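This report concerns only the one structure given below.
In this document, chain identifiers A, B, C and D correspond to the written order of the chains, with residue numbering beginning at 1 in each.
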Amino acid sequence: MPERIVESFQVRRLDILDEKGNAEAALTPAFTEEEMKRMYELLVLSRTFDQRALNLQREGRLGTYPSFLGQEASQVGSALAVEKSDWLFPSFRECGVYVAMGYPMHLLFQYWGGDERGMRIPDGMNVFPLSIPVGTQIPHAVGAAAAAKYRGDRVAAVVYFGDGGSSKGDFHEGLNMAGSFRLPVVFICENNQWAISVPRERQTAAKTIAQRAYAYGFEGIQVDGNDVFAVYKATRDALQKAKGGGGPTLIECFTYRMADHTTSDDASRYRPKEEIETWKAKDPVLRLRLYMEKKGLWTEAYQKEVEARAKAAVDEAQKKAETTAPPDPRDMFTYTYGSLTQRQTRQMKDF
Amino acid sequence: MANLNMVQALNLALREEMERDKNVVVLGEDVGRDGGVFRVTEGLLGRFGPERVMDTPLEEIGIVGAAFGMAVYGLKPVAEIQFMGFIYSAVDQLFSHAARIRARSRGRFTCSLVIRTPYGAGVKALEHHSESTEAIFCHMPGVKVVVPSSPSIAKGLLLSAIRDPNPVVFLEPTRLYRLIKEDVPEVEYTVPLEKARTVQKGKDVTVIAWGSMLHRTMQAMEGFDAEVIDLITLRPFDEETVLQSVKKTGRVVIVHEAPMTCGLGAELSATIAEHAMLHLKAPIIRVTGYDVVMPLPKLEDYYLPNVARIRKGIETVLQY
Amino acid sequence: MPERIVESFQVRRLDILDEKGNAEAALTPAFTEEEMKRMYELLVLSRTFDQRALNLQREGRLGTYPSFLGQEASQVGSALAVEKSDWLFPSFRECGVYVAMGYPMHLLFQYWGGDERGMRIPDGMNVFPLSIPVGTQIPHAVGAAAAAKYRGDRVAAVVYFGDGGSSKGDFHEGLNMAGSFRLPVVFICENNQWAISVPRERQTAAKTIAQRAYAYGFEGIQVDGNDVFAVYKATRDALQKAKGGGGPTLIECFTYRMADHTTSDDASRYRPKEEIETWKAKDPVLRLRLYMEKKGLWTEAYQKEVEARAKAAVDEAQKKAETTAPPDPRDMFTYTYGSLTQRQTRQMKDF
Amino acid sequence: MANLNMVQALNLALREEMERDKNVVVLGEDVGRDGGVFRVTEGLLGRFGPERVMDTPLEEIGIVGAAFGMAVYGLKPVAEIQFMGFIYSAVDQLFSHAARIRARSRGRFTCSLVIRTPYGAGVKALEHHSESTEAIFCHMPGVKVVVPSSPSIAKGLLLSAIRDPNPVVFLEPTRLYRLIKEDVPEVEYTVPLEKARTVQKGKDVTVIAWGSMLHRTMQAMEGFDAEVIDLITLRPFDEETVLQSVKKTGRVVIVHEAPMTCGLGAELSATIAEHAMLHLKAPIIRVTGYDVVMPLPKLEDYYLPNVARIRKGIETVLQY
């Protein structure tokens, strides 16, 4: 046979909850009323945190901050599917993941205020400090998964990155190694359509990010990243597969960065207002709210209560962060090595 | 003459050189539509088009590796790495290829390439946005490294870098981008590579600095009869100017913001200890960043050399 | 539609000339008798060079050398499809490509003897010095192609690498950029089934290397790498497409490394003899010979003559290389920068 | 006691430590089935299995990045980079993550990681197979760098490196792999990090070297009353031992094979020029590789410091 087909693929896309709040019953995960509410409340809480961070930055009380507005479903939905024993490797835009994991919000404020202590992860929490060099955290998750597999721990690693991050060599080497060793990793690409000023279509000629998984011999799936049910289901299924020895999965959350890249960016320089408008209609929080309303789980009163609780929690976190004593300059030395070097000991005398 | 800050001066240099020489192309992340996150490449896309001002995907290996390929093909690419903290994944392309192609091909292929990158601390930036690891690049034969300390130097130096037939790492002190404005000639002029600049003459001590630390240093000079040298080209640096000054003053203080150990200050000190030892009246003092991981904004000011530490260093050598 | 297919692919494989020397007439490129003979003679010449290099290394007259035995069709077939104006970026195992391009063989001997002057490419030849850091040459071809496109030159860049090389981040970033800018590049992966001791199946879980192209939005094709017709056709078609503005192509030449990784390697430590035996039957040179015999283009006499000419050419190259005066130590300094630095001038006084 | 070369000593160290501590895992290219291209990991796959001795795909970013992830998870990975010339694509993972995780997480996460790599020239190898860019790694806070100079030191030093709670770059002088055999204790012993070794006492001059240059240096000592220091740990290096010796001899010669500019010799010289200047009787001389691209085998011997150059350096300082 001179010409023949040696391999073929199909890339699936999963949508469950639509913009009007209608869900595909057959695919909707069986959430209890509590779980449903918890999910909604975390969406509200994470957005409340995000808005506060933006305000504090404007007032000069925080440094540069990257908002995740519009990506709440991708972050909360995936984080809720994770077990406490799993390891998470977020990138810089994943404060929603930290909030959903129950990470102390005052630490997040501290961190974005320029204090390393904000990324001193509480003991027992398997979340990594956020990674700023784009995509470079991907191999870390692969290594953690290899360690877990070697130890026989029933643990998976979940790593977050963006559409831009999927262009880095670290993405390639990380996914290839995960596929080659069939490791328990879930790769979550939050494709928010932009890498600062570079639109998704120019980031790569590939139609989807999900299809990249097939270059490494495992499955990739695209999900509606503004659909908290779809994100949750895809993540949960991928985690089950991973822990069952089925190897890695790449999940592309198709979503949108509603805000500027960071507080130092002005997106109006490079992207059309209309685009943002069309995505407003797809708001992930609104969607779940409409769904719950139909199910009689949402009322105006409930909304007020949820918002009030979120505001209170964020207020307290902010207060706690702002009343924390400044860091000790000697910490610079203390935490560079396990113990001070001869030279550091001499240098530290300056303080 | 136009009154420009360093960002504007660099932008002007690029625009003028691209108009003069169509081999000059620009590539990097967000250098086109956005004009660069610091606006150094602002307006170039509109003026020169997308095949000459390339918004690349997010790939540092790709940027430097492709720029190298362009250079060998005969273009003069000016690649931007968005912050020096993100250049590490590209050092393999720079060290293993750009720096060696001339030697490897015995002169058949050369690499006229500029890698621009914002450099240094002092702007309360995020982690990885305050790197000053110039010494790593200064160790690599085949590579040149330069740092401008003012808008007018920046403009002339960038032209020299673009025209140089070797790969040049062009470090732009983030802290100086908008700090100073000065009159910058719109006429064509260059600031030569491999030549240090004596900022002020003096008898008692030679103080060597570059980039944003040069400014700190100038703020610390009051009351001293110090000769201040702005190194400008870090590799290969101007031994002659340095040694001449040291032989005259007999005392040396070197200031840089990178951690002390194996920083460029070490090479300057060692060169002096080898070639001017007998003229030295005092130990050679380095006032530098500490040997610690570069801290986040809350501790940044404790890390960076400040006026007090620079003065203390000078006072120390003057005691001899 | 809750679950739908958003993208799908099929990876083609091309075979034209089989082990018995029978060719798929419809697909066989229209070679003149000369062209056919030239192709065969280059296969023989490249193998003769390769064997000589191995012998010289054994006698201690060359340094470590990587044989390309078994990969002659992949190298000669692709090189013959290239036009003089195109740019080639070979890796360390592509001496067959250099030979096919008419690169002076004495320079190759000089290079493997440890003399940089052997990679002083003759003027007018657009071949790059071979690259030893695996995969790192890939972005260079992408840059050259971008330069050609910018200048409006009707030129394509061809870059060679191995199955191991396709795991490097440089591969990912290079191919992604080529796809994103739709550049005239032909990526040729000589999948010889081994990366030193690592077999293809453990290098990546992907079934083919060709399929990786779809991660970057362009076509990948697998060809029988021991079939000089298939390699030639695939390369020629990809070059035409590239120069016509059709963008890049990834060609996986499915072949086999018959020799040890290099002369410092002992493959018997990690791979079964039988594997080599099964591949012997697929010999790329034998195949073309059988085909030509059927066409009355090959005779014993012709074979003797071809071998004699090859031997004479290699003899002469070896002689020339071995009678070349040793390099001048000052060359170390002369070729590091465009001009000597203050320090180098002082250091050079040692010579 | 067994009479071993450095390859065998390193192999023994790995085997023993892996038997003692099941957190120790090995990964890299060809480290399993092939036992490493220099056989340092020979036999480990058979003994400890493929999940503990991992033959990775050809990816240096992946190797170091994954090793980092393993280390933070709680393992003690020993990653091999096949030659130092191929480590550059992994420095981003080392510098941006492994070196910083402790500082970044304020001690919550640490990285006990060893990166082994063959290092240095002198074996007539291919291009990129003779790198000695230790200085680049010595500039990075959070990283440790060590180089053994004999089989018995190699064994004890590797154990210390594996047990150290910081990332350690373990450089193995290719030229010494099989050059010397010596008796190596099979009992458990360690060679401490951050401590230099005084190879021979002397009064007139202090000669500092490491790795394969230490051997060249010893061959050049005849007729001199020299104190020879084997630095062993390059970062953080043992200032105390160096300064004490210099204060006694008043003369210094530093030998390394890396190019001179910004090599580790510069830091040693600068440290001495700052803390022992008043004891110095002569300029500090560095005998090093030249500031050129590392040549191929035909010119290699011209590049490397040889006995004659080392002796000349010593004679120069002895003239004072």
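The rule we apply is simple: contacts are C-beta pairs under 8 Å (C-beta built on N, C-alpha and C of every residue); 3 or more make two chains touch, one makes a residue touch a chain.
Being a predicted model, the structure only gives us computed values, none of them experimental.
Listed by label, the chains touching subunit A and subunit D alike are B, C.
Contact with subunit B and subunit D alike is made by A, C. Mean C-alpha positions place subunit A and subunit B at a centre distance of 36 Å.
Note: centroid distance subunit A to subunit C, computed from Cα atoms, is 43 Å.
Rounded to a whole number, the gap between the C-alpha centres of subunit B and subunit C is 40 angstrom.
Residue positions 116, 133, 136, 167-170, 172-173, 176, 180, 202-204, 331-332, 335-336, 341, 343-344 of subunit C each touch two or more of the other chains. Looking at subunit D, one finds that residues 57, 59-62, 85, 89, 92, 96, 102-104, 127-128, 141-142, 236, 261, 291-293, 295 touch two or more other chains. If you sketch which chains touch which, every chain touches every other chain without exception. Taken in their complex, subunit C has these residues touching subunit D: 63-64, 92, 111, 113-116, 132-136, 164-165, 167-170, 195-198, 202-204, 264-265, 269-270, 326-327, 329, 331-333, 335-336, 341, 343-344, 347, 350-351. Only residues 25, 51-52, 54, 56-57, 59-62, 64-75, 77, 89, 92-93, 96-97, 101-110, 141-142, 144, 164-166, 194, 236, 238-240 of subunit B touch subunit C when the two sit together in their complex.
Of all the residues in subunit A, the ones that touch subunit C in their complex are 1-16, 24, 26-27, 167-173, 176, 179-180, 182, 202-208, 210-212, 214-218, 222, 247. Within the complex, the subunit B residues that touch subunit D are 61, 85, 88-89, 91-92, 95-96, 99-100, 102-104, 127-128, 133, 135-136, 138-142, 235-236, 258-259, 261-267, 269-275, 277-278, 280, 282-286, 291-293, 295.
Residues 87, 116-117, 119-121, 123, 128-129, 131, 133, 136-151, 157, 169-170, 172-174, 176-177, 180-181, 331-332, 334-338, 341-344 of subunit A are the ones that touch subunit D when the two sit in their complex.
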